[in-house]
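Per-chain residue numbering starts at 1, and chain names A, B and C are given in the order in which the chains are listed.
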Amino acid sequence: MTTAATRTTTYAWIALCAITILSWWLAPAHGHGEPVGPSMPITVAVIALGFIKGRMIIRYFMEVRTAPRWIKLATDAWLVVLWAAVLAIYLV
Amino acid sequence: MSSAVSTESAARPVDPGARPAGKRDVWIVFWIVPAFYTAFGIIFFALARVMPPPRPDVTTDQMAHFFHAHATTIQIGFGILVLIVGGAGVANGIVVYHIKRMTVGSVLGYAYMGSLAVGALPGCLLVAFCFLTAVYRPDRDPQLLALLYDLGLLSYVGSLGCFTTAWFAFAIAILYDRNQIFPKWLAYVTVWQIVTEILAIPVFVSKAGPFAWNGSIAFWVGTVVFGFWLSCLIVFLKKANDLQPADEAPLP
Amino acid sequence: MTNTDQTASDLDIAGPSHSAARPVHMPGDGAMWVMVLGDFIIFGSYFVIFMIYRAMAPHEFLESQQHLNLNVGALNTLVLLTSSWFVARSVQAVRAGDHSRGLRLTYLGGLCGVLFIVIKAYEWTAKVAAGYTMPSNQFFMFYYMLTGVHLFHVGLGLLILGIVVRELRNPRRRRLSMVESGATYWHMVDLLWIVIFALLYVMR
């Protein structure tokens, strides 16, 4: 049973996995022995990716794309506040 | 515990000749709930100074100083608490009463009541007795004062399991109930209570930081969630009372 | 017949409106959304507090991070994403009336959940054996507590998926709203892990 809906869900899953693999590549704990230093651009990228992954799960897996407006607003608001706070605390 | 109070009073049938305004006896019991918790709040926040708790990362002398500084209010506050602590039993009793009106039957109500009855000792009485003992003799050895300080506060913030069991029973009861005594989302707020209890596990290890007994995560977030849960509970107890038919048959 | 948002054959429809091209449909019941949004806020507070403590000791946190098993963390992320994929498709199958397929997909999602727990248990055991325990430092306290309370949510999720399975196996029930509610909870668990993975394992 492959319909437009299931195809969209599967594309979302593939994208999410791809982003995860990208994050894995960016991460510090590769265990090569030498200590890794902090990196603002990488962290900002990680925060952005975290936001994107979160929104994709909400919109596609949780089906918020077709949900009532208050759920769309509430979930978006949470994502924005959380990641903005994380970014702000990191940068300060 | 006064679990007998509410179930006995609920078994008295309403006089068909009188003009009933809901079930009067249940209303009396209900109003004890906000009254008790208000008193509890005044005692723990203003008088006993247990909320927010004093810090774990202080010296023995500082702990002794805490007791000397607050001896009078501790005696007044906790002295009253040991007198009125039955109010907690009554509050639990009326919740059990409404659980018995659910389709899930009584067993979850008894689980709720049982766990909270066990939890009352470590949950609030132990800190009361520890602190009362500490301030009973002003010249007590500071090392003993430090012991009572730790014992009281660890038990108060760290008494998790009994409450967790009660919350589980309550959440399951609400979710499976077909009489819709309480709204389903109250079950999920109760689950948050369990989450905050889990986050308080490290109080036995941490002396400072967010997971200490005065920490932002182990104490503050938990207290905020508890305050929200308690407010919801009181509102919905009142609603459950309102919606209960005045001539509903007495519970078995 | 397999239009995503119209539920032709199911008994429970939670408030669709027929205005736009994509009809509005609330997945599951409102109560589960209270759970999800509230849990988001509570976890959000934990995440923000984590970031604050990280900002107070960035070198200690960064150094400790590098002792985490990144491969295991990434693997677990993929496992949970896959479980969510199964669960999302199971909802679509049930909506289309294919209950046996929905059941199979729910089982697969649950299986991935069990796998997540097993992998996590291995990860923790390895860390403890290497000497990194809760009191080691603030980072590891956060690590165990955040992943621990998340694991509790996974366990609860498996319980909920079990209830969904029971629902689907009974021809007299099979309420769509219950399947959707279970799925919504499960996706929340997935999403919370995504944040934990980003904050604990990846960011520097």
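Here is the rule we use: a residue touches a chain if its C-beta (ideal position, glycine included) is under 8 Å from a C-beta of that chain, and two chains touch if they have at least 3 such contacts.
Every value quoted in this text rests on a predicted model; they were computed, and no experiment measured them.
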- Chain-chain pair with the highest tally of contacting C-beta pairs: A-C
- Quick one: most central chain, C-alpha centroids? C
- Query: Counting in whole Å, what is the centre-to-centre distance of chain A and chain C, each centre being its mean C-alpha position?
  - Reply: 14
- Message: From the mean C-alpha coordinate of chain A to that of chain B, what's the distance rounded to whole Å?
- Response: 39
- Query: Rounded to the nearest whole Å, what is the centre-to-centre distance of chain B and chain C, using the mean of the C-alpha atoms as each centre?
  - Reply: 31
- Task: Could you check chain A for residues that touch two or more other chains and list them?
- Result: none
- Which residues does chain B have that touch at least 2 chains other than itself? none
- chain C partner contacts - residues on chain B that touch it in the complex: 183-185, 187-189, 191-192, 194-196, 198-199, 201-202, 205-206, 209-211, 216-217, 221, 225
- Contact footprint of chain B on chain C as seen in their complex: 29-32, 34-35, 38-39, 42, 45-46, 49, 53, 134-135, 138, 141, 145, 148-149, 152-153, 156
- Task: Mind listing the chain C positions that touch chain A in their complex?
- Result: 2-5, 15, 22-27, 33, 37, 40-41, 44, 47-48, 51-52, 54-55, 58, 62-63, 65-71, 74, 77-78, 81-82, 84-85, 87-89, 91-93, 96, 98, 101, 180, 183-184, 187-188, 190-191, 194-195, 197-199, 201-204
- Task: Flag every residue of chain A that touches chain C in the complex, lowest number first.
- Result: 1, 3-6, 9-10, 13, 16-17, 20-21, 23-24, 26-31, 35-39, 42-43, 46-47, 49-50, 53-54, 57-58, 60-68, 71, 74-75, 78, 81-82, 85-86, 89-90, 92
